[in-house]
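Take a look at the structures below.
Okay, so chain A shows up in both of these, paired with chain B first and chain C after.
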Partner chain A sequence: MALKGKVAIIDLSKGEVTKKSIPEKLRHLFLGGRGMAAYLLYHHLKPGADPFGPDNVLMANAGLLTGTVAPAASRTQMTGKSPETGAIGRGNMGGFFGAELKFAGFEHLVFKGASKKPVYAYVHDGEIEIRDASHLWGRDTIETQKIIKEELGDKEVQVACIGIAGENMSVFGNIRTGLKNAAGRTGTGCIAGSKKLKAIAVRGTQGLSLAHPKEALEYSKKAIDKIMMTKVAKAMTVDGTSYIWNVTNASGLLEWMNGQTNKFPFGDWHNMTIEKFHDEFNVGMVGCFGCTVHCRHQFRLKEGPLAGELGEGPEYNTQTAMGSFGLNNWGDMLYNWHLANIYGIDTTGWCNLVRGCMELYQRGIINKEITGGLDLSWENAQEITPILLELTAKNEGFGAILAKGHLGAIKELSKYSDQVGYYIMHCKGLGKLGNVDRVQPSFSLGIATSTRGADHLTSRPALDHYHLPEDVLEKLYGGRVSSDYRSYEGKARMVRWHENTYAVVDALGTCKFQTVFFSPNLPSLNEWVHYLRYIAGLEFTVDELFEVGERIYTLEKMINHREAGHTRKDDYPPERSFKEGLPYGLGPVKGKHIERKKYDKMLDEYYALHGWDNNGVPTPETLKHLELDMEPLI
Partner chain B sequence: MEKMILVDYKKCTGCRLCENVCSVHNEGVCNPSLARIKIIKWEWDGMQIPTICQQCLEPACMEVCPVKAISKDKELGCIKINHEKCIGCRLCLAYCPFGGIVYNFSRGEVSKCEFCDGDPMCVKYCETKAIQFVDANTADVKKKRSLGATILKAVGSRE
Partner chain C sequence: MVTLSTRKQPRDRLLRCLNCFTRMDIPLKAEFYTCPKCGTKYEIAWRAGQAKILGLADNSSIEEDSKWH
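Take a look at the complex of A and B:
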């Protein structure tokens, strides 16, 4: 076994650290990253733990290949029981933190208990110190990183930290590293806040030994060349994830005003294109560890209280999320995006809850008395967005309602109307993103069944949109899948394939953007078996690797069933997707919504393929087959 | 022909793949701390600067070496360490003005960029061509052409 990163269990209540090696058996079953995260969460979380309490765990899980020469091997997952959903909480980030954690000799950090006073963990070359963080409490996510690097006297230290949102236990609190990298969703920063853990600083000079260094290096070059040959990689190097925004917007595939329309209603959308961003704000592109695609833009803010500050982004998703409630130009979007980043707020989820509340305001369900005097009209977005961000981060005023997340806000606001749960849209408590799912059954099924809640990163079945020949799809998915993105046929198979495959890439710690997520020509299971052989010295067939994905996904499902009681009822998209057809667009799009009977049939097929019962619960036979019924090894 | 490594700082995206492939090729492990190239960052200002041995024409490391273990490879134009002769005093590390000498703590000796036997990994894996391996004799021409292009843009053509 070539890679030897350890697991450290850090009890913040007692100030004790235990270090453990990872048994080879677990490498074969779960790889690392998201796979080991599911394993460790299942066995180290006290069943039924309060997500805000000391019995919850917070983990940093670097991928098995993170820090190696596999292309774009930069990723780290932050994991715990989500305070936002009560189910599995996992957010994945790039940057340089994960690689440095590996060089420091660790792959997984498991924080248990809670400190009485603010602390940060300093992890360096096999050692872990818990240090005072009183002077960091209240600092933003960029100041915190600067101060820690300064006081440790080492600019090469990498820091993951929370902002004031996490400190104040807003469920949108995320964990941040660098200028913008974020383990954004499911509120892992809120868990850190509950443990008074302000930051994790890592620094290491230990090498990662490789099974076959020469072959690993050569194969890496081959894979990089393959990646850089694709059109999507070329587009990403210039436009980042925003490269598809113009197309999806023009096709009527983005939702505005909380899904009331799919035609941009806030003026001229050309002010929000990536070309406009290039003209006015872009100062260059940067990459995460070991990545040749470098999809991250940098910008300098021109106006407002943060004028002159350097930020990173935008991303397609935030471009849509911030635009969805009325920010209609780059100046406003970038200012609020950077503000969210320094507070440490998940923009995707937060923006969805805000637009839900704005529709409630539009319909007169809530008013100024409830919002603390704030006018939540769409045309007022520019004024209220920074105020709402600050209130959410401070968990004050109307922000205290937002800070409870979708489930909490629905509970709180439902006393004013029984329609609140219809307009605040989520799956499993996690806010929906701004993509239209109503015309694409596969996308709808994917966001609804995702183990962390409404999320495109768990299964995004993008190939639906490329209208590939069906024999190509059949070969890829191992069964018939319609090439029409509006069809329900074979889409259960498609979603399950993407779920399992993405679970593998998240366990490896390489970037999902360099997989079939964007193009069938990017690396997938066929290539990853070679990464594993040359780098980690692990032998897998493609089918065996796919089964690792199934194992990880099924274990996450078990965690949700155990912790949140999730069953079939939790695997549906928001009601609006069934009830309201899209108002605009060309023939293929206009008037479309998800049909309940067909959705139910698709869900039945999906469960059968996963080996779960008709209620969405893994069967005993499946657990046995996947070896998920074994006694814990660590 | 003598070669040079030229760095275009503005093209660097700070990914550090050069560090990692350098360490795998030369040390057999992924360990940027042992790499001969290093990206120095001012991350809050958006600047990242690849730093590497300049292969000086009058190398301080060579001059200071008490056992003459450092010499010039005339064919490639790089400065090499003879580990048979080296006594590990690390005066070279102390006197190099650029940090071009690395203390290889895993092998207990000093090391430096020796152009990977004529096929530098950092160059090979750098997608943005921020690091280039060029003929030393004509290294200036590309830069002059770039200057010319700037002038052309400013003054326009003769027509």
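Take a look at the complex of A and C:
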């Protein structure tokens, strides 16, 4: 096989590094990135380990194709046992870190144990040094990257690091590289903090040998041409992922005030559009390694304590998260977004918990005595958001409750009401994006069954909204699927297909937004078998590749079953999805909610398709078929 | 053998009605458009030569549920 990156196991307690090659058998079973991450986590995590303790592991996993000529192959996944959920933790980031890690000769870094003092790892051309990071502890994510690059005397060094949120064991602590890229979810930054690992710096000059360079380049060029021809790529080039917001807002498919309304309640919605951002803040567009779309905006803050600072974003996420509880203009949204970025906080999850707490405050379940004097009313969002971000990052005051995450906050606040768990909405302990899921059975099933908790990137079948002809859907999914996004028919098949397919995307390390995620005309399994042949020298059929996705997903499910006891009861969307119809919206949306009996039937179908039992646990036959019962090779 | 095909998609003015899913062919540079089938009125934006829904022209229509069929 052409690509020969190694696995490095770094024991921070002992200061020892062990390097291992990756057997080709594992490449065929798990590819790399998220696939190998699941494999390594399953075998290197001590079962039942405390996620905050030294028995947890933290892994950086570059995709199999990351750093190669495959389009937008930039991704790296950070993985461990999540302090936020107690189940699998995984966050996936773009930028240039993953490619540089590959150029340095490694694909997977497995950090074990814990250092007694702050350290950072310097990975360069086959070598790994553990360096003192006492001078970096307490620094924000942008300062940290700048200082490390300066002290290593090489601006090409790529750094992934934590901010003070991770240092202070806030479960929203994430890992960041560049101005914006984040392994955002499930608290992998908190794991790094628990190990006193402030950063990982990588620099490599080794290059990558491709199996068939000429064909790889030729195929990549055609793939890029195809990507850039699509309407979605054109839209992303100008508006990034924020191009989605106008349509979801117009339909009534955004949740405001913690899902109490789906009609924008905070003034004029025009102030929230990406067009308004362009008018006031945009200073350019940039991309990740190997990307031709360049979907990332850059902006410069105009007012406040950070005025003049350069930031990156926004994303659709920014509008639906920061905008969901009352930040109703770009100035406030960008300031708080940037603040979260430099503290190293997962905005998706954190905003979800904050809006849950604001509804508790609205209903009088919590008050100023509990919030430490903070007025959590919706109209006070501008004032309290930066305060809450700082308190969460420092794990102080009411922020110490937020820093426990959804499960911890519910436990802490339930002494005031048995309704707390209804208003703080989550799946498996992870908060969700601020868009409506309860109209679309596929979206609800997707966030509920996602192995990392309520998550739109694990399986979201955005195609369900495109009203595609049903013969097209049948050809894509291998069975009948309704083109009506409110229908339950075939949606279990649809979700399972996207779960497996996105698991392959994350194992390859390509950007999900340049795949079938957004358009049936973007690359998918049919194209990836060619990438694998030309770049890695690996032969797969489309069906075999799909089965790799099934294997990865099933292994993640096994990890959750082993570590968190997850079963069927954990595969349901928040109760509000079943009980409250949407008050507003266009015809297809208004009044809709998820119907429990139909959801149960859909869940049964979903388990059967995966080969799991009716309790959501993989059967012995499935494990054997997927070769998940084999002895560990690394 | 390289087999990936490319095809042009000259559909930059086509949008789908969010209410009834009818294909709408937006006149070039139009700032407003009404769905010919269900009457939902949209504000239109143009980005990189592509028509794009900016929002509902009449926000009150988001409260009506009679247009779905």
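Brief remarks follow.
Definition applied: the second predicted complex is superposed on the first by the 634 of 634 C-alpha atoms of A that agree within 3 Å, B and C clash if a C-alpha of one lies under 4 Å from a C-alpha of the other, contacts with A are read in each partner's own complex, and residues count from 1 in each chain.
To be clear about the criterion, a residue touches a chain if its C-beta (ideal position, glycine included) is under 8 Å from a C-beta of that chain, and two chains touch if they have at least 3 such contacts.
No experiment lies behind these values; they were computed from the predicted model shown.
On the shared subunit chain A, the superposed partners chain B and chain C are arranged side by side without overlap.
When the two complexes are overlaid on their common chain A, residue A:H43 makes contact with neither chain B nor chain C. Of the two partner chains, chain B is the only one that A:G178 touches; chain C does not reach it.
Contacts of A:K25 after superposition on the shared chain: neither chain B nor chain C is touched. In the superposition on chain A, no contact is made by A:K601 with either chain B or chain C.
By the document's definition of touching, neither partner reaches A:K368: not chain B, not chain C.
In the superposition on chain A, A:I142 contacts chain B only, with no contact to chain C. When the shared chain is aligned, chain C comes close enough to touch A:S251, but chain B does not.
Here the vertex is the CA centre of chain A, and the angle it makes with the centres of chain B and chain C is 80 degrees, a multiple of 10. In the overlay built on the shared chain, the residue A:V238 is in contact with chain C alone; chain B does not reach it.
Superposing the two structures on chain A brings chain B to within 13 Å of chain C, judged by their nearest Cα atoms. Listed in rising order, the residues of chain A touching chain C in the complex are 215, 218-219, 222-223, 225-226, 229-231, 234-235, 237-239, 243, 246-247, 249-252, 263, 269-270, 273, 275, 466-467, 521, 527, 530, 584-588, 590-591. By the touch rule above, chain C contacts chain A in their complex via residues 2-9, 11-12, 16, 18-21, 38, 40, 42, 45, 47-50, 52-56, 59, 61-69.
Here chain A touches chain B in the complex through residues 67-69, 96, 99, 103, 142, 146, 155, 178-179, 204-210, 213, 216-217, 220-221, 224, 228, 283-292, 294, 298, 310, going by the rule given at the top.
Of all residues in chain B, those touching chain A in their complex are 10, 13-17, 20-21, 23-25, 27-34, 41, 43-46, 48, 105-106, 121, 124-125, 127-128.
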